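Chain nomenclature is as follows: A, B and C, assigned in order of appearance, with residue numbering initiated at 1 for each chain independently.
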Amino acid sequence: MHDVRTGAATAPRYPYPSVTSRTPGPRTDAGVYSRYARRYARLVTMPTTAPPAHALADVTASDSTLRRFLHGLPGVDAVGLEARAASLGTRSIKTTAKAYAIDLAISMVDLTTLEGADTPGKVRALGAKAVHPDPTDRTAPTTAAVCVYPDMVAVAKEAVAGSGVKVASVATAFPAGRAALDVKLADVREAVAAGADEIDMVIDRGAFLAGKYLKVYDEILAVKEACGANARLKVIFETGELSTYDNIRRASWLGMLAGADFIKTSTGKVAVNATPANTLLMLEAVRDFRAQTGVQVGVKPAGGIRTSKDAVKFLVLVNETAGADWLDNHWFRFGASSLLNDLLMQRQKLASGRYSGPDYVTVD
Amino acid sequence: MDMEMLSSAFEYAPAPESRSVVDIAPSYGLFIDGEFVEATGGKVFKTVSPSTEEVLSEVAEAAEEDVDRAVRAARKAFEKWSALPGAERAKYLFRIARIIQERSRELAVLETLDNGKPIKETRDADLPLVAAHFFYYAGWADKLDHAGFGADPRPLGVAGQVIPWNFPLLMLAWKIAPALATGNTVVLKPAETTPLSALFFADVCRQAGLPKGVVNIVTGDGRTGAALVAHPDVNKVAFTGSTAVGKQIARTVAGTRKKLTLELGGKGANIVFDDAPIDQAVEGIVSGIFFNQGQVCCAGSRLLVQESIQDELLDALKRRLSTLRLGDPLDKNTDIGAINSAEQLARITALAEKGEAEGAERWSPACELPSSGYWFAPTLFTNVTQAHTIAREEIFGPVLSVLTFRTPDEAVAKANNTQYGLSAGIWSEKGSRILAVASKLRAGVIWSNTFNKFDPTSPFGGYKESGFGREGGRHGLEAYLDV
Amino acid sequence: MSDARLSVFKTYKLYVGGKFPRSESGRVYEVTDAKNNWLANAPLSSRKDARDAVVAARKAFGGWSGATAYNRGQVLYRVAEMLEGRREQFVREVADAEGLSKSKAAAVVDAAIDRWVWYAGWTDKIAQVVGGANPVAGPFFNLSSPEPTGVVAVLAPQDSSFLGLVSVLAPVIATGNTAVVVASEKSPLPALSLAEVLATSDVPGGVVNILSGRTAEIATPLAAHQDVNAIDLAGADEDLAKELEIAAADNLKRVLRPQAVDYSETPGADRLTAFLETKTVWHTTGALGAAGSSY
């Protein structure tokens, strides 16, 4: 697994040409969004120093170019989006496909505890569960990560040491994000210093809803910088607060332009969290962003996904929207806690032919 | 952890719906006067599963005498049925609706077997709409005084109804529900290639206790249909099918008192403006032309895309088509099923070849077709102009012709430049443009930012050579009332 | 003073595209009163006149169907006003044409004027009566609206040359269709005179086109014409009606078959709806926010 942004070996296996060259010439990129790139390319002055990281770097040159770009993205018809998500939800995933999907889903779980009452003991238990999700079956894959508050990163790191399980930490005054930027950055630096492999930041929804897109963008940039070279950045939009699909699409592009490694639906702390529709929309965004820039970005729905059936539906969304390249825990995650036990019970059922029960999985 | 283990693609394992939920008899007679009877002379024909060419059953072929018997049975039943209080007729229709809901899994599998369409569609579209249609018209039966046709509007008498093979049971519902609600009795002829669901409907009528002769089903080919339409004691003719046959029927009933409604062909334009919600437009284009293998009279078979977004839209569309799953119609994950008959496949094939011969550019996703049965890969043609045959003739298959336009005026002019006028689609996020374009399109059903949506309350039917009369809604009552 | 001034005869002409041409064929035929006295020579229209009338009607369709219903109502009411002013002329012409007494003819003309008023009032109501929102089971706003069918060929009743004519013509144009009228074969003069009223009543040229001549000769090309959308067979006998209905099937014209009508009675809305199409438009709605579905 390689992050294409690092320039490492793996080129996207995407069937459509992506931007690989910055030399002027005939347009080779055929992404849906290229017309916006063309439109806005004229409006900005190319920086003479550092070349843009990708074809769309120019759109963040000023508040007005960024605003015009985001408002120029195609609108989202809510009925059509939700109908498509529901229709993909009717896929019937059985037998071998189900076994594959359940193991894949387990491997994609960011096993999460984000409570005021979190203790080192609780976090250690979570870490142990992440490393050996099913105590009765060591063939069960590990989860992708454990996700904790910054002050628990060190404990978590120790609990998963040597397993390959990552430690993710929410930061930036999670979940509200209502703090001064230097406080947020200090939060991030603390988590990174404690060994966090991944940082889950929240955007400033207030600024976004007030139309201050460049403020949101700059803040993500700053957090990205604070993450350093090793920690991957997940950008949480809190889609339930952004409210409209148009906003979610704009936020997705804003986050990706600012260098997000993952775009993430929600904190799990508000009424509406991950839904098939908003996740589908974000999958479209990462698909189009890669077609446009060659940069692949991950997606993490979080909150509200509790059953294997739900998880499999989300994997179908991934498979038929972004494509097989995202079917990997480097590019797709589930932010969840109770989901894992349901996946394990389903896994046991597939192995044994009997329905399992809550006494046969661990309560953490 | 070894992720290599998981790195194989997400292949969906076969998920076939169980065939055992439906019990198809080796042979079926005609349903006349409440009983299954053999055809005069005992002629039969076979009905096959289009996806495998397996013979499903043998069905009686009704001759003129049989049609006459059926019409006489319907005439006899008319007297009592039309005199029944509307509330009682309503309850029969409610019963039918409920029984269809109860038996919807069985009927969905049956329809998929006989028609070749995916179980996903029969399960999620056809059957729910069939039940809903009976529910809707059931409620009208005792409220006809309030339908806007004056006090106590009278039924016409015996309705002769001829339906197509693309939505066999749904078209039956569209015909029979309003006819019975208004107090008519019916003789219905299902299509030659899809007779089974109508014969199962006869059993639904039996379970509902519907009086004998109120619904009669005569199976057969075009000759049976012609005999029904021409029968002198038929008061009402309703036909859904090709424009050519529709015109023939119009000539047949000329000079009679028979009331006629026709729901015929189309060449619907799906217009995508540069401010469209692109991802949803792509879905709408796909559902517009690949729903039911494009064998839909209101299909969006002409994509009119604003030239400024042509490349982007086509790339997105091609990418989407590459995810369509073609194969066993009984598999719950199948998106594209079989073409209904060898004859229809030949027609689609010939028209697609003509498209190529006339210089349009043909494209299909990589797509393996099963070795038996009737199959046609999803196909799109670019570089199509108004002058191409594939932009003018109804193909009735999974073939999309892509044309471009520059301005809304041009889009409307091109969309209307056809002898048909059944459906159209508009994709734009600009409300005023949608309303302006919708008002200028000469088509009976227009979908803005959606496509191929149906509802029993929503009148359906065409302008121009797409036929006349409306099915569905309050409007749909008029076809069966003496008003 | 001399006994009587020699009167000035009127040359009756066709009414096509807002103009008053002679038949392109150059033919006329003799029109007589009920007692067989010569009244006038009327143009004997040819198939080419029919063709020209269809072209004019098609050209006028966009503007007339696109006019507001209120505007169409005003125009139809204006026709009634103009007729009222020329009442005496029409009473005389109808009396001559149909062999009626002055008082009976006056009653017919009054009824015809009132019929224009009736339909003038319908133009902006019919859509509310026959259209409306449909409560579909989904996140859609679904609206059915009536729209005019297009160019309608109207075979005016043979006997009721004026009231019958108005009764079949007014509903056709009230809803935004344009018309090619074939006047009563035997009594075309009231129809040709009506053209003069229409021409001075703000009815745009081409909305109504009036031809006189042999009904069968003119109606046959109209029934077969691919650019005519509908035909009212009121003025056809049984055999002709059947023949025309067969011809009309070639492009699936909407056909209103001849039926017994008492034109003195207040009509219903049937003739209005006979030449209306129902257009149903689905608009997506959805929730305001992205609360969305959840599994």
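As a working rule, a residue touches a chain if its C-beta (ideal position, glycine included) is under 8 Å from a C-beta of that chain, and two chains touch if they have at least 3 such contacts.
What you see is a predicted model; the values in this text were computed from it and never measured.
Asker: Among the chains here, which has the CA centroid at the largest distance from subunit B's centroid?
Answerer: Farthest by centroid: A.
Asker: Go through A-B and A-C and name the pair with more C-beta contacts between its chains.
Answerer: The greater number of contacts lies at A-B.
Asker: How many angstrom between the C-alpha centroids of subunit C and subunit B?
Answerer: A distance of 36 Å separates the two centres.
Asker: In angstrom, rounded to a whole number, how far apart do the mean CA points of subunit A and subunit B lie?
Answerer: 43
Asker: Starting from the mean Cα coordinates of subunit A and subunit C, work out the distance between those two points in Å.
Answerer: 67
Asker: At least two partner chains per residue is the criterion; list those residues in subunit C.
Answerer: 138, 140, 284
Asker: Residue numbers in subunit B touching 2 or more other chains?
Answerer: 449-450
Asker: Specify, in ascending order, the residues of subunit A that touch 2 or more different other chains.
Answerer: Those would be 77, 79-80.
Asker: Subunit B touches which residues of subunit C in the complex?
Answerer: Touching subunit B: residues 129-130, 134-138, 140, 142, 144, 149, 229, 238, 241-242, 245-246, 248-252, 254-255, 257, 268, 270, 277-284 of subunit C.
Asker: Would you tell me which residues of subunit A are touching subunit B in their complex?
Answerer: Contacts found on subunit A: 1, 15-16, 30-35, 74-77, 79-81, 83-84, 90-98, 100-101, 103-104, 107, 141-142, 163-164, 284, 315-316, 319-320, 324, 327-329.
Asker: Which residues of subunit C touch subunit A in their complex?
Answerer: My answer: residues 138-140, 284-295.
Asker: Across the complex, what residues on subunit A touch subunit C?
Answerer: Touch residues, subunit A against subunit C: 77-80, 82, 85-86, 89, 239-240, 242-245, 247-248, 272, 275-278, 304-305, 307, 309-310, 313.
Asker: With touch defined as at the start, can you tell me which subunit B residues reach subunit C in the complex?
Answerer: Subunit B residues touching subunit C: 132, 148, 150, 243, 246-248, 250-251, 254-255, 257, 262, 264, 419, 434, 438, 441, 443-450, 453, 455, 457-461, 463-465, 467-468, 470, 473, 475, 483.
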